[in-house]
Every structure is written in C-alpha cells, then in structure tokens.
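Some structures to go through are shown next.
Two complexes come next, and they have one chain in common, chain A, joined by chain B in the first and chain C in the second.
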Partner chain A sequence: MIVKVAYSDLNKVLDAISANEKLYLPVDNAAGQAEFKPYTEGVQMSKQLNTLRSAKDFFFPQVQPMVKFRREGKHIDIFDERSESEDYVIFGARACDVRSFDVLDNVFLADPVDTYYENRRKHATIVSLACNRPAETCFCGSFGIDAAKPAGDVQAWIVGDDFCMEPVTEKGQKLIDSIKDVLTEGDQAAVDAQIEKIHEILDRLPLKDVKPVDNRDKELEVFNSPKWAELSSHCLGCGACTFVCPTCQCFDIEDFTGNNHTIERYRCWDSCMYNDFTMMAAGTPRKTQKERFRQRFMHKLVYYPIKNDGMYSCVGCGRCLKKCPIQMNIVKVMKALEEDAE
Partner chain B sequence: MQDELIRRACELLEDGTVNRVLGWQKGQFVYDITPAVFTSVEEVKNNFVYNDFCGANLSKYLRSESEKEGKVLVFLKPCDTYSFNQLLTEYKIHRDNVYAVGIECYGKADVEKLRAKGIDCITDVKNENGTLKISTIYGEESVPAMDVMAERCLNCKSKKHVAYDELIGEDGEVLDSHRFDEVEEIEKMSAEERFKFWQSQLSKCIRCNACRNVCPACTCEKCVFDNYDSGAFNKAPANSFEESMFHIIRAFHVAGRCTDCGECSRVCPEHIPLHLLNRKFIKDYNELYGPFMAGAEVGQVSPVVDYTKDKDAEASVVQKGGAE
Partner chain C sequence: MNKEELIPQIGVVKEIVQETGDVKSFHVVGLDGKPIFKNIPGQCAMVSVPGVGEGMFSITSAPQNPDYNEFSIKKCGHLTSWLHDMEEGQEILVRGPYGNGFPVDTDFRGKDLVFIAGGIGLAPLRSIINYCRANPENYGHLDIIYGSRTKEDLVKRKEIEEEWAKDPHCSVYLTIDREEEGWDGHVGFVPTYASELGLSLDKIIIICGPPIMIHFTLEGLKKQGFKTSQVYTTMEMRMKCGIGKCGRCNIGDKYVCKDGPVFRYDKLDLLPPEF
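Moving on to the complex of A and B:
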C-alpha cells in the first residue's frame, strides 16, 4: 500500500523516524557533493542523484577496528572491539546501491559469516528512492536493476509535490507503521505513472545498450585477451575507482602499534589497483598494472558471476565513470569484452 | 584545432619522425577522454580527440614512454610544458626520444562544474566562440565557457610554451594570474581557523592516492607511504594521519619541483583543493628567494637546494660538521 507526505513536509517523516532510531540520509556538503550523514533536525535531504561515496560504508566502513591487545609485562589483555549495533535507517539510497548490498551480502554473509558486517547489516532498515532524473553515466539497467523500483525495505518516489512510500519487506512495514501519524494514503496510479515516466527516461540513456557478456565458461579466454594491455596502459594505479565503488569489497588487516604496549588491529579497504595488494613474502603475483587492472574487472565480470550464479558485481552506479582520473572505466572494459565475444 | 593536430600527427608518423603519438583518446561521451598512445595513422584519425575536456597533463607518461624504442610525439599545452621541463631537469625523460609539439590552450572545462549547474545527462558539448552548447537527454543548454572553466585555467599561470620542438598555433605570455589570491585568504586566517579549514578539507581524504599517482613531480620508484618498513606506511585514512602527514609531507616533497599544473585537484574525488598547499610553497619561494617557477627552464635548481658554501651557508653550520 502506498503512503505519502507532501514533499515540502518530508522533514516530518525524517523527524518521526529519528525520534525512534538513528537516521542517515544524503546531505550536500560544503563542496556541493552529497554524502550520507546522520540526520539532525532541519537537515534537508540532498536533491542530487547520488552520493559521492557509496552506501557500502554503512556495513563495510573504510576503517574498522577489530581487536585491541595490551601488554603489561608477561600479561596480554585482549579487547574485542565489537559492540552490538543499534537499529538505524538508511534513507534515500538509490536502486544501484540497494543492489550492491545483495552483492556484498553474498560475500560477507556467506559461510564463514563476517560478524562485523552482519552486525551493521541486520540492524539497518533501508528506504530507497527512485531516480527521477538519471545521469548519462547510469547503466544499472545493464544488470537488471530498475531505477524506477528501487527495492530495499521501503521504496519511495517523488511524484510531483508528493513523497510516496511503499513498504517492501516486513521490516519496512514496521518502519511505516511507526511513523503512520505523519503519513496519509497515497495514490497507486500516480506512482505507476511516475514509474512509467522514469522508464521512458531510462530508455533514452546513452549507456542503455551496454550489456555484460556472460563469460562464465570463458574464464581463461577473457583472462588472456590481448585487450587488457591496451585498456590498462594508462591506468595510474590509484584506488579512486575501488573506493567509490559500492561493490568493491577487498580489505587489508593491519596492526597499529603506535601506542605504548598497545596493538590496535583494524581492517581497511584495499585496492587491487595498488602495487602492494596481495604482497607476500615472495613478492606480488601481479607484477604490472595490467595484471592489477585485469583483476579488478575479471572479479566483477567473471569470477564473481562464476561463484554467484551469474550475478555481476557491478551495479551500474557510474561513480567510477565520474571519478577515474583518466576516464578508463568498467563500461569501456565491458564494451571491449563485448567486441571480443563477437 | 583538433583537425590540425590530427593532420600533423599523421604527417610525423608517415615521414618516420616518430613511431607513435601520445595524445587524448575519445571516450563514450564528449568529456571522458583517456590519455592514449596511437601507433598508426588510422588510429589517430579514428580515435584522437582534442577539445575542451583534454585537461590531462601527458608529461608524466613520457617517463615510461621515452624509455621505449623510437621517438614518441607528444602534444603539450603551455602548462604541460613546465612539467615536461621539470621532468627533464630531474633526468626522468629521455629528451632524444620525444618530439614535443606545443599546442594552444584557451582553458579547459570542468565537467563537474557543468553538473553543479544542474546540467546532467550530457550527450554532447560544442564550443561556439566561447559558449558551450550542451545537449542533454533533457534538452539543450548554453553556458559561457568561462563559467565552467577549471579553477586552474581561470587562474592560468602561463600561455607560454617553455619547451617544444614545434608549435601549432601561437605562443603566449606568462600571465599575471590571480592564483595566489586564495592562498592569501588562507594566510589571513588565524592559526586556529587555518587548522580548521585544512582539517575539514583533509579529513575528506579517502587515501585513493590519485593525487600522488597523477602528479608529475611524484616520480619515486617507491613512495614512502607504500613502504611497509618506512614507519610512514598507512593504507587507512586515519584523520590524524591525513591531516598531519600524508598531504603535508607530499606538498613538502614536491616543493620547488611542483609546477602548479593542478592535476592533483583535478583528480581528487573529494574535491580537496590540494593545489593550494603547493601554491603556498610557490608563493613563499617567490617572496623569500625572488621569483622562481619550477619548469621554466631545463636545469633550473630550486632555491632551497641552490646554495654555495661561501655565499649562502651559515658559516657555523658548515664548520660544525667538519666539512672544512
């Protein structure tokens, strides 16, 4: 059932939610870019299409303290850095980011379960928002994602002057019930018309025809494609793409030993584009940027699908298209692989 | 201008002056241009592009390209020629293996500035006498090119090519730019305000290292921050570290070598104005040691390393170490 509030009264919904639990939403920062921030009274939700950094940070933060050791003489104390998360709401996530949670779940919630991730994940309720005005860099449709039906626990649309919501899961229904005082009954037909309108725009996007090739049975062929040398030839080896990517999930575990007698073990995002990624005693198995570059895209377009029933680990959010310093990105790679397949 | 560059590149490839061309390659949109090496006339004709979005400075790629067999043609905008000279000064480029063609530049557009104006879903951009005509799937837009010009271009330091084998178009002059204005604003802040300013900026850092990897002055074989044994190794963006070390140390390290090309700020996904750190150093150099522009000439020595024992060194320092 559709419920709604006037868009100008959206903060009534936000206030009502935040009265019960912590609420995060996209907010414009001083540099004019949107980022997820905790809601405080009066804060306006960003009108931008997407946040600079993805929503994966909620479950898989860039830096995660894991355990702390303290030594006193021959005695070592061990402190578990985990604490049970409180319930919280992520408001205004886009369809691409919502799908990225599924991609990450397949990794972190598979046996053995990553309890740090699970802790944050299970306490979150996700309110998604349909994309009325997608960008030229958007290609979520290539992965079967519908920006007009963004899923999550509650999905929402801006329809004219109204903010319409529909619970999708039980958790979502619970959230809607908890704030029903500020909501009125919405109009299904109006939402359907909005969905139709968005579909028309999605049909006109310049990247709408980009399609991943199912290369699950051609792992080695793709791996050995001569295309990688050219595609990677000017890659700077920075980690901008990996760090803005909603599905990149590689991490490193390091010890911070700066304090006397204390070791703080943390994990942090790592990038397969870095030259010290998977560094071992015998050196790195990926000696040049070509191998590192190839790894990133093989992982997203071939290895992940092999392990996850054909699901790709790209959601077409377009962040890497916007942020790569040399504008070499997954769409260019997908197009090159498509040529190979023909 | 693009046609002229393509014509000349093809000529130089055909007459054997060079065996490949370092330039900019068309993307899927008008703005997503990738640095690329072209090895045939056909490739140049089909894929070479030069437009308002060719901001990338190609000089750093010459480090590896000039190691290879044969001469490489490179197109350099005025500001790129400073990086080129600086790399030559540091013996990072084999000059004999490079054929440098200087090209005019009227300033490059910043696609993020277009987006900030609410212009999205861009399908094409044409520059008609200083006005950008933009096609989007939502309709047509028109913006003066100056309004969406990259900051570094609005404060262009020089239209003069300080190095080239040949020039296409006119050479310009060193400009009296306003590039230090913002530095002055920051200098006027109290120490506390200034700390707050940089803290708010640098705490956005995600340690993607794009600024470092794109920087023509960052040419170390192994960066101290990637060296596990250095004591400065850090992969995680810890606020205390980013604020006090990574960017500041990098700025110190490139001081006197940074040509203010502005690539660091162009590539920063978080829009941290890193160029301001470098400009502060340049401004201080100018004020303390007289006008100095890294890359203006090959073989220049930065003022802080250019000293002679007799003239510049404090006598007590020289003697104490037993140098005499």
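Moving on to the complex of A and C:
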C-alpha cells in the first residue's frame, strides 16, 4: 500500500524515524557534494541524484576496527570488542546502491559469515528512492536494475509535490507502521504514472544499450583478449574507481601500533589496481598495470558471475565514469568485450 | 556475537627446530597445551604476531599428531624474520585451518602416490606423507623425490633418512643440485631425476616447489605419458583473509585460500595462467 507525505513536510517523516532509530540520509556537504550523514533536526535531504561515495560504507566501512591485542614479552592478550549494532535506517539510497548490497551479501554473508558486515547489515532498514532524473552516466538498466522501482525495505518516489512510500519487506512495513501518524494514504495510480515517466527517461539514456556479455564459459578467451593492452594503457593505477565503487570489496588487514601498548588490528579498503596488491616475497603474478586492470574487470564481469549464478559485480551507478582521471571505465570495457563476442 | 573467523586465537610456540640455514619448524599448541586444530593434509593456517604481520603458512604436521601443530617456515621477509628470531614459549596468533586440502579420502584412496618436492616445497607435502604413512592400508606405495640446492637445504633430512627411507611403504629419492663434499647421493635437478626414475603411469603425482621446477617436471611427466588429471599441486598467493573475501589470492574465478590451495593440473589448465 502506498503512503505519502507532502514533499515539503518530508522532515516530519525524518523526525518521526529518528525519534526511534538512528537515521542516515544524503546531505550536501560544504563542497556541495552529497554524502550520507546522520540526520539531525532540520537537515534537508540532498536533491542530487546520488552520493559521491557509495552506500557500502554502512556495512563495509573504509576502515573497520577488528580486534585489539596487547603484547608484552612472550605474552599476548586478545580483546574482542565487537558489540551488537543498534538498529538504524538508511534513507534515500538509490536502486544501484540497493542492488550493490546484494552483490556484497554474496561475498560477506557466504560461509564463513563475516560478522562485522552481518552485524551492520542486519540492523539496517533501507528506504530507497526512485531516480526521477537519472544521469547520462547511469546504466543500472544494463544489469536489470529498475531505477523506477528501487527496492530495499521501503521504496519511495517523489511524485509532484508528494513524497510517496511503499513497504517492500516486513522490516519496511514495521518502519512505515512506526511513523504512520505523519503519513496519509497515497495514490497508486500517481506512483504508477511516475514509474512510467521514469521508464521513458531511462529509455533515452545514452548508455541504455550497453549490455554485459555472459562470458562465464569463456574465462580464458576473455582473459587472453588482445584488447586489455589498449584498454589499460593509460590506467594510472590510482584506485579511484575502486574506492567509489559500490561493489568493490577487496580489503587489506593491518595492525595499527601507534597507541602505546595496544595494537589495533583493522581492515581497510584496498584495490587490485595497486601494484603491491599481490606482492609476495618471490614477486607478484600481476607485474604490469595491464594485469591489474584486467583483474578488476575480469572479476566484475566474469569471475564474480561464475561464482554467483550470472550476477555481475557492477550495478551501473556511473561513479567510476565520473571519477576516472583518464576517462577509462567499465562501459568501455563492456563495449570492447561485446565487440569480441560478435 | 557469533564467532568471527578473522579473529585469531593464541598459540604457544612449544618448540623451535632449526631445519636448515633459513628454515625453522615451530611446534604450536593452544593455551590448553593441545593442538589448536585438526587439519586435512594440505590445508594452511594464518600465523601472526600483533604489530608485526600475518601470513598464510602450510601446516606441516599430520592430522594425527596428538601433541602440536607444526609450521616449517623459511625466513624471507618481515614476519618470517621475526618468527625466526623468537624464542620458545613465545605466544603467537593462529587462525584456520583453511583451504580444501588433498583428496586423501577420495581420489588418492588405494593409489600409488609420487611426491615430488623442491626446497621448502617439502613443507606442504610433509603433512600428507606422514598421514599416508600412518594409514598404509588406504594407499599404495609412496615414492618421494626431493631435491634442494645443497644438502644443508634439505628440510627434515633426519626424518626423511631415518624414518621415511626405512618405511617399507616408501621409496625415497634425494638429490642436490651440485656435487658436494660429504654427499654420496644423487646429484642433479629434480625434473631430470624424476624423469629418469621411470615411474609407472598408473601413479598419482603430487608436486610442490619453485615454479621453474614444477614447470620442467610437469613437461617431463607429460612426455612420459602422464595425464595432467593425475597431477596435483598446491598453490601459493598473497592472502589477507584466508576465507575468500578480501579478493587477493584469486587465480581466475578460484580463490587459492578457499577453493585451493590444492589444484589438479587439468583444472588449473582451465584457469588464467596468472600465478
């Protein structure tokens, strides 16, 4: 069932949610970029299409403290300071980021379950927001994602002067029930019309025809494609694509020793684009940027799908298209692989 | 909170054995004095020292070892140098075991097994060799071909000469790269030696060593008529998590930490040659 609030009264919804649970939403920062921030009274939700960084930080933060140690002489103490997360709400996530959670789930919730991720994931309720104005860098449709029906626990639309919401899951229904005092009944037909309007826009996007090729049975062939040399030739190995990517999941584990006697083990995002990523005492199997570049896209478009029933590890959010300093991106790689397949 | 696989447990280094100039074996027990885990031969474990580093090492002790878990480690970097410098009684961190291990209960059952190792490559094979020796009813004859640069670099030489070589189920073939005073055994490289032995074609080959040794040994075996589906190896890649999540150790769509480290060569041939 559709419920609504006047868009000008959206903060009534935000206030009602944050009265019960911690609430995060996209907010414009001082530089004018949207980023997920904790809600405080009066804060306005960003009107921008998407956040600069993806929403993966919620479950897979850039730096995750894991465990502490103390080492004195021959003796070691271990301090497991994990604690159950509080319930919280992620408000205004876009369809691409919502799908990225499924992509990450397949990694972190696979046996053995990653408890750091699971803890944050299971306590989150996700309110997604349909994209009224998708950008020319958007290609979520290439991966079967519908920006007009963004899923999550509750999906939402801005329809004219109204903010409309529909619970999708039991968790979402619970959230809607908890704030029903500020909501009125919405109009399904108006939402349907908005969905249609968005579909018309999606259909005009410049990247709408980009399609991934199912290369699950051509792993070696794609790996050996002569195209990789050219595609990677200008890659700086800066890792910007990895850091803004909602599905990049590689991490490093290191010990922080700057705190006197306590040693803190943490994990942090890492990038397969970096030259020391696979460095061992005897050298690295990925000697040039070509191998490292190829690894990133093989993983997203071939290796991950092989392991996950054809699901791709890209959600078409377009962040890497905007951020790459040399204008290389997964769309160009997908087009090259499409040519190979023809 | 549920158990977190990435949080290690404490292991106590009960005994340190100098194997060669740059290889030491570490006997590790839990705080209760017992082995920390029971492993399948061929599995690995993460060993770390807080503030120094963490690394994946093959478990050299056999699963039936009632006293301790053993790691034979070559000194070649920051963490391994620290481990080499520590004294008995030191506490370290251990998590695992990880990986698939050798198919000792399936493909290897009832078969003659040939182990071919070079240098520190013996370490990952010692566990399975001693496992098979302890369960002779389940396996055929064990041929062990092992070589190193010099006689001083032969890991576990005492055990090999005094136990394996005297075991009626085993034949041991040792070789060193160059002539040396005090060595009256075979001299020459492992690949050539393995070819000269005329191994019968119904045997299963398990090979571990430097890439160049593996390459030439495999070429020799293929020339003799062995199929790649008869040859197993255990792989090594940089690892951080050990449980298929950190994205570091893949060969194509396979993670060495979780889907490996043991691979059959015909399967490995289907993966990108990036190792």
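Just a few scattered comments:
Convention: the second predicted complex is superposed on the first by the 338 of 342 C-alpha atoms of A that agree within 3 Å, B and C clash if a C-alpha of one lies under 4 Å from a C-alpha of the other, contacts with A are read in each partner's own complex, and residues count from 1 in each chain.
The criterion applied here is as follows: a residue touches a chain if its C-beta (ideal position, glycine included) is under 8 Å from a C-beta of that chain, and two chains touch if they have at least 3 such contacts.
These numbers come from a predicted model, not from an experiment.
By the document's definition of touching, of the two partners only chain B reaches A:135; chain C does not.
Looking at the shared chain after the overlay, A:21 reaches neither chain B nor chain C.
Of the two partner chains, chain C is the only one touched by A:307; chain B is not. Touch criterion not met for A:9: it reaches neither chain B nor chain C. Of the two partner chains placed by the overlay, chain B and chain C both lie in contact with A:252.
In the superposition on chain A, contact is made by A:278 with chain C only, not with chain B.
When the two structures are aligned on the shared chain, A:110 is found in touch with chain C, with no touch to chain B.
Applying the stated contact rule after C-alpha superposition, one finds that A:270 touches each of chain B and chain C.
Applying the stated touch rule to the two superposed structures, the overlap between the chain B and chain C interfaces on chain A comprises residues 252, 270, 279. Residues of chain A touching chain C in their complex: 66-67, 69-71, 74-76, 78, 80, 82-84, 107-108, 110, 112-116, 118-119, 219-220, 223-224, 249-253, 255, 257, 263, 265, 267, 270, 272, 277-282, 284-286, 291, 295, 298-299, 302-303, 306-307. Chain B contributes residues 27-29, 31-37, 56, 61, 112, 116, 120-123, 136-138, 200, 204, 206-210, 212-214, 226, 228, 235-238, 263, 266-267, 269-271 to its touches with chain A in the complex. Looking at the complex, you find that chain A touches chain B at residues 29-33, 49, 52-53, 62-63, 133-136, 201, 204-207, 233-234, 236-240, 242-244, 252, 254, 266, 268-271, 274-276, 279, 321-323, 325-329, 331-332, 335. Listed in rising order, the residues of chain C touching chain A in the complex are 1-10, 49-54, 76-77, 80, 87, 89-93, 236-238, 240-241, 243-250, 252-253, 270-272, 274-275.
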